[in-house]
Structure formats: structure tokens, C-alpha cells
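First, the structure itself, so that you have it in front of you.
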Amino acid sequence: MNIKTELCGLPLDNPIIPASGTFGFGQEYKDFYDLNILGSISIKGTTREARFGNPTPRIAECKAGMLNAVGLQNPGVKAVVDIELPELKKIYLKPIVANVCGFSLDEYVEVAQLMSEVENVGWIELNVSCPNVKHGGMSFGTDACCAAEVTSAVKAVSKKPVIVKLSPNVTDITEIALACQEAGADGLCLINTLLGMRLDLKNRKPLLANVTGGFSGDAVFPIALRMIYQTAKVCKIPIIGCGGVSTARDVIEMMMAGASAVQVGSANLINPFASKEIIEAMPKEMKKLGIQNLTDIIGVAL
Amino acid sequence: MNIKTELCGLPLDNPIIPASGTFGFGQEYKDFYDLNILGSISIKGTTREARFGNPTPRIAECKAGMLNAVGLQNPGVKAVVDIELPELKKIYLKPIVANVCGFSLDEYVEVAQLMSEVENVGWIELNVSCPNVKHGGMSFGTDACCAAEVTSAVKAVSKKPVIVKLSPNVTDITEIALACQEAGADGLCLINTLLGMRLDLKNRKPLLANVTGGFSGDAVFPIALRMIYQTAKVCKIPIIGCGGVSTARDVIEMMMAGASAVQVGSANLINPFASKEIIEAMPKEMKKLGIQNLTDIIGVAL
Amino acid sequence: MTKGLYLIIRHERLTDNVYRLVVEGDTSSILRSGQFVNIEIERFYLRRPISISDYDGNTISLIYKVVGEGTEALTHYKEGREIDLLVGLGNGFDTDTVCHKPLVIGGGVGIPPLLKLTKELITKDKQPTVIICFNTKDEIFLYNEFKSLGVDVLVTTVDGSYGVKGFYSDAIKESGIKYDYYYTCGPLAMLKDIHSTLSVQGQISFEERMGCGFGGCMGCSHKTKSGYKRVCTDTIINSDEVLFD
Amino acid sequence: MTKGLYLIIRHERLTDNVYRLVVEGDTSSILRSGQFVNIEIERFYLRRPISISDYDGNTISLIYKVVGEGTEALTHYKEGREIDLLVGLGNGFDTDTVCHKPLVIGGGVGIPPLLKLTKELITKDKQPTVIICFNTKDEIFLYNEFKSLGVDVLVTTVDGSYGVKGFYSDAIKESGIKYDYYYTCGPLAMLKDIHSTLSVQGQISFEERMGCGFGGCMGCSHKTKSGYKRVCTDTIINSDEVLFD
């Protein structure tokens, strides 16, 4: 059984990548298992300045999922480049995915450029889809022109392949996806979180201080799968599938729908060994389904 | 404890309305319990002609939810008006919600007009959001102009309040909601199903014959709640909440977010007594939360 | 239809991946053989429909094959545990049809409902011949139960490892049995073949992916000569109404 | 941190809505009192963080209050059942600080972690005075456990139905106890009051809604004088670092 795959020309030992925001900068998981089993790691979304993010509560529970309104807490690109990435390199030897966010075109460009110069950064993941920050984030990802504009600006400076991470909170995901492809994106990651909300019934007000939050976890899988499928039908560039993945079967389903690699997000939070366990379960599930090479099934259902 | 509420000027004994497509025309449930406990009943989406709908499989399971691609199977408006509604009237004495669908503006208008003339129809529910039919259904609900156009055309002929049932598969629900309100809608129902998909891993192809289907059930609740809240913030007309409701607490949460009544859909399918059990549980949950009159909490969280 | 908690009083493995689950509870809503129950399985959103293989005043016997995650999870339910069922779904077999020597043909996990059916046919003084079809010897189940009813039971295996080698049709050919009607449940290919091959009338049991199991969702519709039917309410269709596409 | 299945060996009701759950399993990752476990509860997506009230070589004692659906569901877990825990989360109390007569102040379900803390303080030759605060007499729990350690235990109830009427501060006033440090866990209002009122240094245990409990999601951040901290990894903060907003 061969679980290797490839992403924008770079080989991956396996398709499993912990999703941005659910794996910090790797340090929190290093005592749980040897991270080098992972295909890659997508680091916490990074902005130019350090950010505390939104006030708490920032987390709410849902049936089969969760809301977060962290709001891009991160130490800022300088600290990430100077401290976090070198620290991560000590414990994780493969190229990582640098998740980049911004509140203006300039910020995206600056952060992406700095990140792309770091040796252990394999890919830039352009997060135009964070629903938890005002003026920026998702607003870039819900309009095809904006998404294209930021994509081509970042492409112009990036020394590494640029993967645009799309928001599912749109009427037509393929319109945005195609615009990014045309603007030069090397790949797409879908999906980021859906915009959701919960109330605190005792206090009769929104549970999250930020009012709304990003919905992720088991519940979102069928929506993510549909968007991957629709996008893979019309786009040529590779896709990272993401959203509600918690088993090896989910990974296979996303790859059959067109994903070349798969990110695991919230599942890591409720089971810190999730990504490792999924990787270890891949060969058994592949055998059951008669899959020899994982790359054989990418997009077979299209 | 007072569980009465009101919808577009008509009183409801309680806010619970089985959602369209999950309660047939009432007959399937009549042996399970006395339907007259229900606030109202929304009947299966009706079109001008009789329709078989989509080929099977039409149902797929998801974590915490389901996909359906029934595709508006119904006996056509004539049979509904002449047979189904009179039959329903024998077992259910209150006004019902007539869910109307079409493939053209004309069809919506014709079906709605015929329905609105039936005595036990209390409201017209304009389904501009069915994701399971090509050319029609959801395409009317994802564009503000189309939604407004069909709303005002139907308003012009309807003898009953017109509630527009919106699709959640849009970038900005408030834009569509406001357009409908301006076009004269008496109320809004949100949400219909989210567009989702599952694959059959053994056959390596989409599980549903229709490829995609409408995603409903527990999983969609936080998305529905967010859309209700966002819409209630900007619209003055009453809202029926719908999507993932399975408990009395869910009903209360939706009402606090701005819903005047609440539809229960998929929950009826996995527990045919769901709507009844929710109604019966309302007073106890209200007591726990110190709610005397249900109408007091409509929109308190806004 | 009854909804209720049923107590698992027996749960045993019959073959490598076929299990028998016997539960205790209200069976008053079961009116005919060929009806089914819809089982709630923890962590799964939809219920799983399984035919009633046998029943009496207060027990129901179900036989199921592990094909996916839901049935796999069900195997872990222990005796003594309670399980939420919708009971008495579907129309069931009509055993009052005029016939004397019906064939009862089952394939794989289509066989279970035929056990109670055969008992009913015997009670109504018909003389059923049972043909049960498997892939191979190791997959055979319910043979002794049918045998003990005192009827003729023919077994076929595709690989010939037990009984007649081949399919139901080979059993008919080899044994030369006479029949004037049939009842059948099994894989679609078998049903189609029976429908097009046998010259007598019969009743055919169908399967479809279900949302509810009791007629509420229109998820399971199929076309028949007399219009659209729902598999969950019209599980069993007279052969002259059946349309295969 | 250890993740594993822990066997429930005792589960009992202490007051109307407070329960003690004792589990057996690997405790090697628990390094200090004041750490917590994160409990997987069936049907709930997120785990529930509960402080370790006491532990030894192979058992962990948890005390929890029913406040919502998750803790309600937990009450139905029977002895003999296994439960999935992340064990040894959070930084825990530092009992090596230079002090001789620390106050240990707990309110409501902030009291549990203070039991093991008090034991540790005694082991380290400090002379703790314990103040545990409740609303009313019927809500009192752990009193005997603290008493049996041989330390002074003051109880307050808001309604005066037992012990000192009022709050922790009334107990200090009435008893005139001397102290040179404090450890506290309880409702936010109490923590704020302690922080602003007591003139000595201390350690304060915080709560926040958590996504993971081990530092992975940044869901639980709060601001301190030395920058942003995560409540799950820095549950307990020195009073001179604490910022209340």
C-alpha cells in the first residue's frame, strides 16, 4: 500500500496535514508523538503584527462540531519567522505550510513574502477566509475579484507555491476558485470554517464574545466534500481537502472527490492523536477498498 | 407557562411546525399521535405538475445529519388542492403552511394562487431554495433580484400571507432577505437545506443518483441560527426558524435569535414523535430558563 | 407502528458476518411476515431497516449482515441492553393469495423474512418449497430452521460447495419442482431474473435507502405499473405491478 | 499528558447536584495539584475540563457540579464503565513558594482541586488554613475530607445556614487568622475580590471555555501582566501577573 502523494510539485509522505489553527506551531503536540509521521503541518494563521485576537469566550460547542472565534491570535510574522519556524524545524524535518492572513493587500503581500523566504516553508497558504476578523480575512474570500487580486499580488512575491484557502460562505465556490486559478494560484485549500452561532440560553445572548464564530468538525464534512467535488470538476490546480475529517475513510472520500492532500483540524483538538491515528489507519482502509496507490484515487469520483 | 405565538397575524397554539418534505401531507403521522397538538404543518413542496422527483438513491447519511435529493416528488397542485388538503383537513383542524415550488415565475404564481384559495391554507411558503432540482428551486433563492421578483409576483395573487423560504447557500443571507421584504413578503423561513454530498467508497462515485443533495439535521443548527440572527437584525417581518431543531432548547434558542415560530424537519424522520415530544417539553424548559411567555423571548438576543 | 425500547435477549453470530438479534417487547403492531423494523444505532443519524425474520407474542428475531459502519456498531450491542426500534413497518407478504405450491426464494440477507413467511404459508395450508441461495457453504444460515418446519428446502451455492451449484434457477431445474406462485427477497439481480423468468405470479420484496421508513420523506420511491410507490410502505409488490428499469 | 481509558470505580452524589467520580488508571502524568483532566462524554463534541481533586498512584478523584447537558449526561455513567480522559493538563499549583501560613480559599466547584493542594502543602510543612465557601448548608461538600487532614477549616455560607455567614472575607475577619500567602479557586467575582483585597501574594486558578485543553487551539487565552497566556496551559497564575478587566 502506497500512501505517498504530491502537492504542487512537492512530494508528501502521506496526505495528512494538521489544519491551521488546530496545531499551533507544532510545539503543543511534540510530546504526544513524533511529528515527523505527518505529511506536513499547517501553522497558525500569521499576520504582520502580533495579535491577541478576540475577547473570550471564543469557543462554543455544537452538535458534532464547534465554533471558534479566536480571531487570529499569533505572535506576528517576525516572531514566527525568527522563533516559531526555527523551533518547529528542530522537531519537524519536512516542509511546512505557512498560513498567511492580513487586513489589507499590503499585509498579505508582506507576510507571504517574508514567510516564503524561510527554508522550511514549503507552501504559502493564503487564508482569505477567516470569518472571525472584521475588515479582512473572509471579506477577501467571498468576492472573486478580491480573491484574485490578493492571489496575484502574493504570487508576484512568493518564492514558494501559493495555495489559496477558500471560504465556504459563498454562493458559488467555483467562481472564486476559478478566479484564483486564473490569478496564478498553485493550489486551493477548501474549506475554512462556516459562519455559525450559538446562544447562551441563561444569559439570553450570543455565547461567543464575537457573536458569530467559525463552525468546524464532523458536521461540516458533506459541505466540504461537495465544494471539493464542484471545484475539482472545473479547476486544474491541486486541492487540499479540509473540513470535518476524522477518519481514514474521510480522507479517502475527499481524495476520491478530487483532493490531493487532506487537512485534519478540529479532530486534533478533541483527540490530540487524531492525525497520527488517521495516518496509521490508511493502509487498512485502502486494503478494504482495493486501493494500491493513494494517488490512483484522486478525483476518481468526478 | 404560555407557549402561544403568532405568525403574520395568525395565532399559533405553539411555535412547532413540522417542516416541508418531512411530514408528507400529514397522513403518514396521523396514527402516531393526534396532529392537532401541532402549531401548524408545512406540507410537501408542491409544483404545477405531478413529479416523481429524482432517481434513487435519494438519501444518504452524514455524521449528525442526512442528505436528501428527493427532487420535489409530489402529486401536483390539482391533486393537492382537491385531495390532499381536504384529507388533511379531516385530521388537522388548524391552518396549514402550503409549501410552493416552481420552475418558472409563472408556475410559482399559478401554484401559489391556487393554494391560497384553499380554506385551510393559512400561509403560502414560497420555496425558492430547493437545491435538488435543476433550473428552478434554489436558483430563484440565490439571487436577490430573482427572489424579489417571484415574491412580488406571488404577493400580487395570494390571498394568504406569503412567507419566503430562503436558501442558506448564499454569501449574504441578509441581502436576499431584505430584497424579499421589500418585495412585499409577509415573513421569511430560514433555512432550507445546505448543499452537500457523499461518495460511495466501494463504487467510487457519488452516493446520490443526483450527485449532490440537501444537507439537514442536527449538524446545520449553528448555521441556521446565525442566519436567523443576522436576518432578524435587519428585517422587520417575522421569521420561521428551521434547521437542525430536535429539542425544546433548540426551539428556545432559535426564538431568542429572532424566530417567531420554528420548523422541525429531519428530526421527525428519525423519531416520528419528535414534534410532539418537543411541544410537550417546552413548558419544562421554559421554567428552567425563567420564561413565562414564549413571545417575550423572540429576538431577545439581538 | 410502535416505537419503543426493546430488550436484547439474544445476540449471536451465525456466520462470519451474519448475526441474529432477538429482542423482547411489544409486537402487536406486526401484522404480517415481510415487515421490517428500523433500528436506532448510537452515533448514527439514520436508523437501519432490518426485516423481521420471525416474531411471536413478545419477541422479534432479526438477522443482519455486517456491510458497513452501522451494522458493525450493532454487533457490539450486548444482551441485556435496550435498543430503540420502530416496529411493524412495511406492508408485508400477502399470504392469502390463491395458490397451493408457492416457491419461496431467498438470496443472502434476503432470506430472513422468508422464515416467518414460510411458517405463515404452512399455517394457511399452502405447500411451500424453499430455495435459499448463497455464495458458498460457509455463508449458509437458517437452513436448519427452515428444515425443521418440515418443508422441502433446496440450497444453492454459487461455487457448488454445498447443495446445488449455481443459482435458484438451477435448483428449480435440477429438482423439477412444481409451483404455482412465488415469494422472493434477495439481491436485485436475482429479483429481476425471477421476475422475467418465472411464468407464474408472485410477490417481490424491495430495498432502498431510507430516510424514515414509514412514508414521511419520499426518500425511497420507486416506479410501479400502478404509479409511484414508497419502498418503505410498499416494500412488497405483486409481480404484475413491478417495473425494473 | 496521558490519553487513555479510565475505569470508573466510584461514582456518588455528594449534594443535590455535585458528584464525585473516582477513576482508575495511569496517573504518572499528574505532576501537581491543581491540574485537570479533559473528559470525553458520549454524544458531545468537546471534552469537559474537570480539576483533579485528589490522586494517588493509580486513582484520580474528580468532583463536578451538574450545570448543563454534558455534566448531566456524565451522571449516568455507571461504575465499571470506562471513560476516555486526557490527564495531567494545566500547570498546577506551585507549592514550593516561600510561605508558612498560606490561606487556601475555595468557592463552590472551585473547592475540589484545593483538597490535594492542602495535602501537598502539609507535606511541605506549610500550615494552611482552609476557607471553603458555599451558598447554603445543603451545598456543603468535602468538609470532612479537609477536616481529616488536621488543618483549620472555616466554612462560610451566604445565607448563614452553616459556619460563618457571608463570604471568605467574613471568615478571615471573624477568625482573625494570620496568613502570608494564598491559593484560590472559585467564582470569578471571588477571585477578583481576593486579588484586590488581600495584601499578600498568591496563586489564582482560572477557568475558560476550552477547545482542546492542551494548548492547541488558542481558544482560552487571557491577558496577564507578562503577556498572553492560555488558561489550559497556565491555569494557575501568580497574583502579581494577574490582570482582571
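Just so it is clear, A, B, C and D label the chains in written order, and each chain counts residues from 1 on its own.
One rule holds for everything that comes next: a residue touches a chain if its C-beta (ideal position, glycine included) is under 8 Å from a C-beta of that chain, and two chains touch if they have at least 3 such contacts.
Everything numeric here is computed off the predicted structure, so don't read it as measured data.
The chains touching chain A as well as chain D do not exist; no chain touches both. Ranked by how far their CA centres sit from the centre of chain D, the chains are topped by C.
For this pair, chain B with chain C, the centres built from the Cα atoms lie 36 Å apart.
Centre-to-centre separation of chain A and chain C, using mean CA positions: 47 Å.
For the pair chain A and chain B, the distance between mean C-alpha positions equals 34 Å. Residue positions of chain D with contacts to 2 or more other chains are absent.
Shown for chain B are the residues that touch two or more other chains, namely 62-65, 218. Only residues 21-24, 27-29, 31-32, 44, 52-53, 56-66, 68, 70, 73, 217-218, 266, 268-273 of chain A touch chain D when the two sit together in their complex. On chain A, the positions that touch chain B within their shared complex are 62-65, 67, 142, 169-171, 194-199, 201-202, 204-206, 211-212, 215, 218-223, 225-226, 229, 244, 249, 252-253, 256-257, 289, 297, 300-301. Those residues of chain C whose C-beta lies close enough to touch chain B in the complex are 1, 3, 40, 44-47, 86, 208-212, 214-223, 228, 233.
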